[in-house]
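You will see two complexes here that share subunit A, one where it goes with subunit B and one where it goes with subunit C.
Let's turn to the complex of A and B:
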């Protein structure tokens, strides 16, 4: 893939764009509110990395108790049990529901851990020589933003089960404290990813030499 | 002091690449050549279609809220639950904040986004000037997008179904299918929505 170093950035041409509505302003408008939509204008969000790390740390801190404390408390006539996220998935494997167990394991363990790693990598690689190309990192960022929300599925499952399985003596399910800490962890991680200013990924690319501006590429679909 | 907008340019929101603006025809898309982000994707009659889907959506959410979506039975005991019951599952005890969060993510935020589209696009489809505060409303609509999780909730129902199957007999209620349709409607709507076209229309008609 070419590095498209011939495409100028808005910043190098003395302009900046509103990240919410896309209106283009002279760079002197930095820090003022966008006249079209009211969003605060920044050519680069310089506090971005601080916010990313702050939410990231909050997310990791909430994720630890989310895995140690019980997520579900099940009570039937013959037994009473509490299970954490991982124990719940292993119960499913014992029942032979391997696909569902995999969904749970991927959504509540695999994705959160991979997300922490990916966000940390993206934040670290700003202002440094990164192994992954700018394209690769942009894709990684979009993936994190897109997939992050899906971790919430486990919290919804707990909510559904707790509302549904209320059969007096026969069977009862109630939520454990991990439901709250897990939900918080997902929310904090989403905020961390949203705080990241992806334009910084591209700033490490070589500065443009050619002043000609190109038309956006048109394609049919 | 105020700055004047630099017309004739478009900037990629993800990588800050600057282009001379070139408005595509219906069905075409302007794509950032550097990071492949879709910049403009106008669709014919998009606004009125989005509006129709919003109304569909609202009806589905409100109906699905109170109709039963899962029913279970075991050893002579029966129970059925609606979306509302799932929201209130954490309502007693220290986990009640979670009830608020779940309610917001699966009911309140999706409903609010639908109402916001009606507010922003309604007057424009009717050929009038945008309603007061339409820009703010659309900005909120965009900001709320990642927090609208109805589709995740539907998949959660599927997982819960399998988990409960070992414990009791489960039946799907009418609301389950409504939520399923809702997911498809939301996807169609997001696909139809071109941010640039809406801002452009808001600016031209105000």
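Let's turn to the complex of A and C:
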């Protein structure tokens, strides 16, 4: 396993590092608490993939009603409307507000869907041969971690609108059921990404310096 | 490699751990989510009601996913889809009903669309302006046969959901028609509504559904009549002009009102049909002529062109309206009538049903022909004394000249007419007023006043008031007179008088003795014999009595014919004369005269006492006393006389018994004898009384 790597890992040196404070301990300390910060020490999180998949499934399940149920309930003097995320975006497109519609579509549909795909890909590629290099996957993971929080932008918009537009009879905006499920979906996806032990990317990486593997890596950048 | 230990240990650990130990707690999260999702889905499925289809002619305002179905303003369903029907004629709304009401939406359910409406009766459905239209449904509280396809109503039903009432059908029979969507008022209160009106199948009547809200539905019976209250009426009468309309809303939008004019009707049932009349009088008149049938037109030609007959004037038969005048024109036809006079040509529309000639009755033409042959004629008479309007009366005249119903005339058969019978009301009234004016009211009043004045002055006269005083004085004088010694002495003198009367009696006795000696009894016997002859003759004459009785009857009959009335009149006149007499100054003077007379009487009495009159009386009484003495003497002889008389009577009785006991004469004779006996007894009693109390002759007791 680690034999194929020319870069020695802590594991291969009989050591393990605390994932919270970074303190290095002998591998015998596996399963005990870190003397410095009290975090449980694991050379590799054996349940990582399970957690990833569990959160991932929960995230996907929450994401379905988030797109089917209305996100915003808008009630004005003359009309009352409910619209899902996609309906709202298309409404905006119909009104000619394409940039905003694109932002909503990317933030609420594109990014979450991409995250699901990315996490699933990373989890799958741990145990089998991946086309993407370990570096590429590491970057992908970092990107997923970084960008995950921005998915909440839609929830924030709904929360702010609901709080601001409360003009009694004239106009009222309240969050629909999708707001809750979308927020849950985002949270589950973030937890899924966090649960992924990125060290596993490298455990199976045969040759990071292999030039043939570098091309896709570079393309990714 | 020094790290062979580590993989070994890791491998052993992972191999040893069971599935539960290896499984992460995080799996609970998607499992929980799955359970929640399934629960929500199950719950949603469970509470989902059935889908029904409601068909409308248009879907104005209805939107899929937005338009609600409401029952009593509670949302019970939502339109899910809106589709055009295959034949492109209707729109079908698929409605997802709430599960808890679904079973009540049975075959009796109705649906209609509530839209904002602004009518003359008000604004309705205002809330739908902002919220959009909704479908209102109505169904009862009983579960009936289930149904999933409904046809929506064009208009809201007259009875709102939850309201109870009586459903009727209105039929306008008049020319005014029927303005739909108007209220039904009863004494100004809205108690019902009329729905949209439509033309009936016959093309001439206007129909409309109507409802009377509970509890006013009890007001409707079979004798209820409805009429149009819309608009206003302007009428001129003796009290002046009056404008009449029910409410402003009826003035604008029209309205219907009703009244139950006759009792005894049966309560109305749902679906009953009522006629709507143009006005109140027509509605009330219809109570007594229920059937309105086709009209039957006739032409009338009146020789005199009298003003006052107008179109729509009534045609009456024995006071019952059987038709009306529909048209009036003048007619000049020298060829037909032989002169150039203008005649009045009237077209009369008769209603055979009012004549009692129903559909199964006699042919109206036949009836009229027969009536005309019996003398029926059309005659103009006064309809109203005040307005001078005329009407046509169908009367049967005994002495009517022969005429027939001219069936060949165009355009209508000609009905014969009779000369008009018109009253000049003004002349009659003037005459009556003149008579009243000529009555001597003022003189009468003057006489009454005079009489009362006379009576008052009579009563108020001093003499009248002083009369009682004078009477009292007179009585005092009389008392004084009676109390005087002279008067007191009268009884003694009477006693003397009685003694003298005794003497007279003795003389009488002597006379009687002489009479006795003079064979009185034999004379009597002879007399009686002659009496017998007389009686026989009398018997013969008794036969004439019946004639006498007849005469008496005649007299009585004449008496009966005596004009009592005249007598009463005479009496009245007498009383009037008395009245006049009382009114005379002499009558008024009467009390004064009376008073004066009493004064004079008092004076006479005084004179009597003073002037020795009493003494003269005493003297007279003395002589009377002497006479009484003679009587006393005579009375000694009286018993004997009486005995003799008794004997005489016995003999007479014996004689009379010889006569027929039953004859009239006998009875009379017995009566006479009884009278004689009583006379004898009276004389006997008198004698004894005089013996016992001589002064009773004077005092009378």
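We adopt the following convention: the second predicted complex is superposed on the first by the 200 of 221 C-alpha atoms of A that agree within 3 Å, B and C clash if a C-alpha of one lies under 4 Å from a C-alpha of the other, contacts with A are read in each partner's own complex, and residues count from 1 in each chain.
In this section, a contact is a pair of C-beta atoms (placed from the backbone, for glycine too) under 8 Å apart; a residue touches a chain by one contact, two chains touch by 3 or more.
Computed from a predicted model, the values in this text were never measured in an experiment.
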| item | value |
| --- | --- |
| Partner chain(s) touched by A:145 [first = subunit B, second = subunit C, both, neither] | first |
| Which of subunit B and subunit C A:86 touches, first, second, both or neither | neither |
| First (subunit B), second (subunit C), both or neither touched by A:114 | neither |
| Partner chain in contact with A:11 - subunit B first, subunit C second, else both or neither | both |
| Partner chain in contact with A:103 - subunit B first, subunit C second, else both or neither | first |
| First (subunit B), second (subunit C), both or neither touched by A:54 | second |
| Per-residue contact with subunit A, leading partner among subunit C and subunit B | B |
| Which superposed partner A:36 touches (first subunit B, second subunit C, both, neither) | first |
| On subunit A, positions contacted by subunit B and by subunit C | 11-13, 43, 77 |
| Subunit C to subunit A touching residues, read off their complex | 1-3, 6-7, 10, 14, 22-24, 26-27, 29-30, 33-34, 37, 66, 130-132 |
| Sites on subunit B touched by subunit A in the complex | 2-7, 9-11, 13-22, 24, 27-35, 39-40, 70, 72, 74-81, 85-90, 94-95, 97-98, 101-102, 105-106, 135-136, 138-139, 142-143, 146-147, 149, 152-153, 155-157, 159-160, 162-164, 166-168, 195-196, 199, 202-203 |
| Residue ranges of subunit A touching subunit C (in the complex, touch as defined) | 1-3, 11-14, 27, 43, 46-47, 50-51, 54-55, 57-58, 61-62, 65, 77-80, 188, 191, 195 |
| Subunit B partner contacts - residues on subunit A that touch it in the complex | 4, 7-13, 15-17, 19-26, 28-29, 32, 35-39, 43, 74, 76-77, 92, 95, 97, 100, 103-104, 134-135, 138, 142, 145, 148-150, 152-171, 175, 177, 179-180, 183, 187, 190, 194, 198-199, 201-203, 213-221 |
